[in-house]
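To keep things simple, chains are lettered A, B, C, D, E and F as they appear, and every chain counts its residues starting from 1.
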Amino acid sequence: MKKIEAIIKPFKVDEMKEELSKIGINGMTLSEVKGFGRQKGHKEVYRGAEYQVDFIPKVKLEIIIDDEMSGKAVETIKTVANTGKIGDGKIFVLPVETAVRIRTGESGGSAI
Amino acid sequence: MKVTRTWSIPLLVLLLSTVFGMFNLVGAGDVVPEEVAQSVFPAELFQGKTQAEIQKELPISGAYRDETSPVEETVTVDVGGAEKKVTIFRYLTDIEIMQYRGDVLWTCIAAFLVFIMQAGFAMLEAGFTRAKNAINIMMKNIMDFCIGTIAFLAIGFHIMFAGPDESLFWLGSTAATQWGFPFWLFQCVFAATTATIVSGGVAERTKFTGYLAYSVVICAFIYPVFGSWAWGSLLDGSGWLEGLLGVGFYDFAGSTVVHSIGGWLALAGALVIGPRIGKFAKDGTPKALPGHNLPFAVIGGFVLWLGWFGFNPGSTTTFDGNLARIAVMTNIAGAAGGLGAIAAIWAYMKKPDVGMTVNGFLAGMVAICTAVDVVTVTGAFIIGLVAGVLVVFSVIFIERSLKIDDPVGCISVHGVCGAWGTIAYAFFGVEEFSITVLFAQLIGIGVGFVWAFGTGLVLFLAIKYTIGLRVTKAEEEEGLDIGEHGGEAYTGFPVHDLTP
Amino acid sequence: MKVTRTWSIPLLVLLLSTVFGMFNLVGAGDVVPEEVAQSVFPAELFQGKTQAEIQKELPISGAYRDETSPVEETVTVDVGGAEKKVTIFRYLTDIEIMQYRGDVLWTCIAAFLVFIMQAGFAMLEAGFTRAKNAINIMMKNIMDFCIGTIAFLAIGFHIMFAGPDESLFWLGSTAATQWGFPFWLFQCVFAATTATIVSGGVAERTKFTGYLAYSVVICAFIYPVFGSWAWGSLLDGSGWLEGLLGVGFYDFAGSTVVHSIGGWLALAGALVIGPRIGKFAKDGTPKALPGHNLPFAVIGGFVLWLGWFGFNPGSTTTFDGNLARIAVMTNIAGAAGGLGAIAAIWAYMKKPDVGMTVNGFLAGMVAICTAVDVVTVTGAFIIGLVAGVLVVFSVIFIERSLKIDDPVGCISVHGVCGAWGTIAYAFFGVEEFSITVLFAQLIGIGVGFVWAFGTGLVLFLAIKYTIGLRVTKAEEEEGLDIGEHGGEAYTGFPVHDLTP
Amino acid sequence: MKVTRTWSIPLLVLLLSTVFGMFNLVGAGDVVPEEVAQSVFPAELFQGKTQAEIQKELPISGAYRDETSPVEETVTVDVGGAEKKVTIFRYLTDIEIMQYRGDVLWTCIAAFLVFIMQAGFAMLEAGFTRAKNAINIMMKNIMDFCIGTIAFLAIGFHIMFAGPDESLFWLGSTAATQWGFPFWLFQCVFAATTATIVSGGVAERTKFTGYLAYSVVICAFIYPVFGSWAWGSLLDGSGWLEGLLGVGFYDFAGSTVVHSIGGWLALAGALVIGPRIGKFAKDGTPKALPGHNLPFAVIGGFVLWLGWFGFNPGSTTTFDGNLARIAVMTNIAGAAGGLGAIAAIWAYMKKPDVGMTVNGFLAGMVAICTAVDVVTVTGAFIIGLVAGVLVVFSVIFIERSLKIDDPVGCISVHGVCGAWGTIAYAFFGVEEFSITVLFAQLIGIGVGFVWAFGTGLVLFLAIKYTIGLRVTKAEEEEGLDIGEHGGEAYTGFPVHDLTP
Amino acid sequence: MKKIEAIIKPFKVDEMKEELSKIGINGMTLSEVKGFGRQKGHKEVYRGAEYQVDFIPKVKLEIIIDDEMSGKAVETIKTVANTGKIGDGKIFVLPVETAVRIRTGESGGSAI
Amino acid sequence: MKKIEAIIKPFKVDEMKEELSKIGINGMTLSEVKGFGRQKGHKEVYRGAEYQVDFIPKVKLEIIIDDEMSGKAVETIKTVANTGKIGDGKIFVLPVETAVRIRTGESGGSAI
């Protein structure tokens, strides 16, 4: 099993959910994060003082997925999230040892 | 010799019983004003001056009244059976001065209440839109009032209320007397309201410089011109709509003059600027872009309700018992509007939606403005109720069928329901239904639409092709707060808007 | 012949010095009213009509006064040593008209201030509860006012103030005169306040339809009935509590009539509906379910304080110097309440808790309502201070010992401190302590409790077993905003409530 | 015999035309007051009492007026060519009573408007600071008003307004009459405002107990003492600044008396307590610590603007036409201040910053307070505009050059712009420029600075070395809400402040 | 060492913390996330427009734990979080290479 | 490739970003979390009821990094985040299989 972590632009979430559903991914967890990278932040002013805001709102998607599905999932995410502009985000894949569905107690592939 | 008096000051409605009476000018072959004056009024109302001396002190027009300036009054003297009109000049009685002070106090308090509507609009509009644009909306509302004040002071007031003879730029002759001040203040807060109404229709995508530009033009020109047509004679002007078809176009507190004008300007703005990114799917289906702070918006609605207790009852600018009646009718229409809207949206969408309910009570109060001083309880109830239902379907129609993006519903609330209220006068505001009255109202509505929508189109197109009306796509996505104002409204709170 | 005059209009307290005086009816064997009238008053107060003609124009009761309708006045004429009472009918003097207009203006402004308490309650209640129910709380407050207005208009006002002869449904005969309007408006905002108070006690778990149902019943029936007992004679009614034990049950501005009634209704509601999920641990220990926006709640408290400046001083419905005294006493009691509460909670819980402090100043102003027009500075201070301390321990007692879940503390603030204020009148409101007065107050409190709690129980149980009073467990957990209104209050902000 | 009258009650500005006139005392060798009185006034103004009897009922000073207490009036009688002054005692005429009631009503309404500035300040300060301190800021503002009320009642009012003879502690003799109440209420809300201004300068780091201590001292002592110097004679006092250099130090509505005093106290406080952790980098560069809720702050600004319509026009405590003029000038200065500030910050920082814009309109209204009753439209515009520009550079200067941390800019808004407005009077408030007037104003400003800054330093240092002025570093980092009040402002919302 | 990630219902947090403490787990990190899965979201309306909200508030617990403790921890989480209703959540177990306690610099088992 | 997860005190974020930049780390993702551990929470009171708040605001930094850089990164984080007080936080290192840059499609080391 794999964990796919994708950092994407917030307004892509709806489309992403739909496209992932289409390839059979029916579970995911989303969190609101702030990213720092090549995409520059911006200057802000507050009552006469200027300051730099480097962290930009992003969404992190976490999907636990069977090994075989993971390639397709990464592909889909890559396609959907791409706008061609700096800051489109990243996809990371991590190994997962087990997954358990709390409601039923199932574990492994059937849990996700 | 019998004496009857015709007042030259319409607002001094109070009967001056202490000076009324019958009297005879013994053996009067020729009527001497000096003598008549002294017989009708106590000597102190002349302060030891002759009629000619007092006449020189008369203000330019009766509108420039003051507690120390004299008034002109026509007294009918019955000389041996023949009636003769004699014009007398005198100072105010104590009771007239009290009345004047009451007028000033009430007009100012009403203006304060209308002022706070600026805050109400700001809360409503900010709450109904997204967090990333909240500073921008606040700034627009602050500037509406700052610009509105100065633009109306410099130009608008003159356009709206000057007669042919004197200048009202920068208050002009008004500043010389006292009455000009409360009257100006009340009119100034009205003018600022119109500009603020427009703000909602073009929210979340308008360049701040473009906004400032149109705000100036509305307060200095568009609103005052229509205002002068409908309300000019409240001071020294004379509006052609006031005598329309003999009956006159009637709009007591501005369903059309303020609200519809604002609503149609918003319509023009929303059309020229186009919908927000993401508002309509590719197939044209509208998507919800929910507001970020609905409790804030609702409190804004309550504040607007409070303000309406100045807006409508204050429109008499008179301290008398009538203001209570107007306040009650305003309240009934607002309540009925809220009930109408909640019922309509509940029936239609199966949920009692808060946004529509707020729009509903506002719509009720917009609609009642025209006839609020003459309507019955039942009339007020029906006008409000219909407005509440109407606003719901108007919002849905404008969004789904016309594909116009009006983030807070101001076209429906102010434009459409303002028009409804103006028409309703013909049914609920007059003793007997008259087709002439209905036509006069319809013409007024039509003229208002053509003027506001027409000048609005020109204005917004002019801005679009000069300084620019809309922010860039990137800025719209990121939020106008950062792009236009260099800041964020809610530092410390993670704000995550999943809409574009 | 000496003349003294007895006024038939209690509110015209102004001395009419211009018409006072002594005079003789020379050789008057028989007293002719017409003659007396003409001797006492200037001719213009009769507008050329005979006494009989004027009499026909008298309003149904003195309560339906107006600036143009005549009044009835009793003049005592001394005819050769024998006193004779003569009733005279006349129109108002200018100064009486000014007074009347002042009464209207002040009563309306006071009503506007009480109106804005609706927004204050909405902010307070929303801020003290969880984000997931904020829309619902806003909707309840909007509907309280919309429903309150229409229900009180249609039925409540009649029940509360009608005499045996005329109908006040849908304003009825009142609409014919002017005074009915300011009076109705002021009473209407009071009625809506009562319903709103209840809202806090059943917050975060009440079905919206159930809420609407009880709101109608409170505004149309429960509040007006008790109101008619205590305050009916303010218009045409006559309440049995007003003459209780000879001294009368005294409640100037509604510690009991408005606040306790609301508080006891909330108690009934909270009992019938039961505590929120998670409020009490299995062993009965109360758990904190903290409010989601305390600054919002505090501003709501300030807005309520502002509203109280209409609530108490406006209860005279009279334009005179007394209103300032009442405003000052209100303010002192509020400040003392705040200080009492902060001291109590700081001593007891070791922290100056903001929720209790707000409850404290509100409690002070609730308590002062009864005696605010007659109390001394020290009296106001003590009444407020005690209320502030009392509310703290009442909240804790109700929660910890009675295991009743009152999310915003309205039972303590309005019910308990309203009762305290009503009792306090017997100690601080009268020249000399009288056990009769104390009993009268206690009876009034008791009757209020039995009536409000009793009808409340019936009402809430009836709703429970018909349309349903409480939302489902799932809906309560998810929040009423989504379940009842199909929306979220703070889209864009992640709201994460770890309580159930 | 010619009679002229000199009023002993300055506020009764109304001409009593009904009693004016010329009359002859036939053969009067000796002038009998009783006779004169009866000839000038109608009998009912004496209520059948002798002059001596009425004299005994005179209130201690004219300031303690009431609608039922008698007044003293000097009538000049011309006896055979020789002028003689006769003092007459009488009760008020009806029209004077109406005027009195108007004064009471307007003064109270103005006080209510000033009261709501407390909420405005609370919103402004909370919005401009971080979420973790929001409860603390609310509590400070509540306590300012609760403490302010009781401290001013107990001590401050006496210090500020008592004459040598009577006590005004706990209202003292004032409570016996009616006028004391509206006057006290209006003065009380002013006193509370001063304490609240200071709050902003020491926000986010002050121990709550320390805060309470200084709030008492300011309301009970520091503000009233300076107030007594500048405004004492508004009641029974007599301030030495009032006659300064013959022309008197002029400060109509408190640019210096309220605002600068508050501003300089804040300066002292900010200096003694030091900057917030993280405000300045090690090299002294200021860092932004952005406010957590700017829309809330902006609405606070609007509420303050509303309050100013009571603050300035109410300062006449008189019901007359003048209040409208003052309201208009206040409004123009506010609008000009907003425009000045947005232009300045936009030019300087390239962004129209919302915080500065709000400070700008507040600064405009602070500055106009001194001369608002005498200024022209252009004068008001310039005073406001300059204040708007000034506040921007003052904020930047204080932060960047003086390295003082003033979280909401109150030193600049109230201190600096208050001083500007006080100076501006010498240029825009008098007919002709006079160096004496300018000096008088400068001396007043200087005295105010020395007094407020001096006593402020002593006060804050005293607190620092006794009960403690500043919270611990750990508490400051975690937020004062948890440390001082044991709670969080926004439970349910994740608040993540990345600043220390 | 393992990392346990558990997506649970928000109102279970308090109980979870207590039960985990009982079995000796004294450190954890919680984040507020939104989940998409079998548990259906709901329709919302906003001023006359209807829209679907699919992401439901959940809490993500992250616990770094010794290998031997991990089984017990998973068991406990499963028991406590279970309500038997759809949406109870998931438990994922991932491998961890090192853990460091910043304050002391300790690493490995003693760091957690 | 490794994933470094560091739980730190919020006010360290700015400094951390600067120091990590200095050693060449130009990408990271930050999320706002709540931590439970040795650092005790605090009691709160709400309208007369007392309750315990155990979860303390923390920031979680996530950095995907080449294996060779990871040691240096951990060191830097440890130094910067250290205040010597309980609650300074933890650093965890997890294995990562792949990383993809969405914009360009690059994967592996060049993606981060």
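We take it that a contact is a pair of C-beta atoms (placed from the backbone, for glycine too) under 8 Å apart; a residue touches a chain by one contact, two chains touch by 3 or more.
Just so we're clear, the structure is a prediction, and the values are computed from it rather than from any experiment.
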item	value
Count of contact steps on the shortest path from chain A to chain F	1
Pair sharing more residue contacts (C-beta pairs) when B-E is set against C-D	C-D
Length of the line joining the C-alpha centres of chain A and chain B, rounded to whole Å	52
Chain centre separation in whole Å, for chain C relative to chain A (CA means)	57
Shared interface positions of chain B, touching two or more other chains	18, 95, 98, 102, 105, 109, 290-291, 293, 349, 351, 353, 355, 486-488, 490, 493-497
Shared interface positions of chain A, touching two or more other chains	31-32, 34, 44-46, 94-95
Contact pairs between chains, per stated definition	A-B, A-D, A-E, A-F, B-C, B-D, B-E, C-D, C-E, C-F, D-F, E-F
For the chain D and chain C complex, residues of the former touching the latter	18, 42-45, 66-67, 93-95, 97-98, 100-102, 104-105, 107-109, 111-112, 115-116, 118-119, 122-123, 126, 134-135, 137-139, 141-143, 145-150, 153, 170-171, 175, 178-179, 181-182, 184-185, 188, 208, 293, 296, 484-494
In the complex with chain A, residue positions of chain D that touch it	128, 286-291, 345, 348-349, 351, 353, 355-356, 359, 392, 395-396, 399, 409
For the chain F and chain E complex, residues of the former touching the latter	2, 6-8, 31-38, 54-55, 58, 60, 74, 77-78, 81-95
Chain A - residues contacting chain B, complex	10-11, 13-14, 32, 34, 42-46, 53, 57, 59
Sites on chain A touched by chain D in the complex	44-51
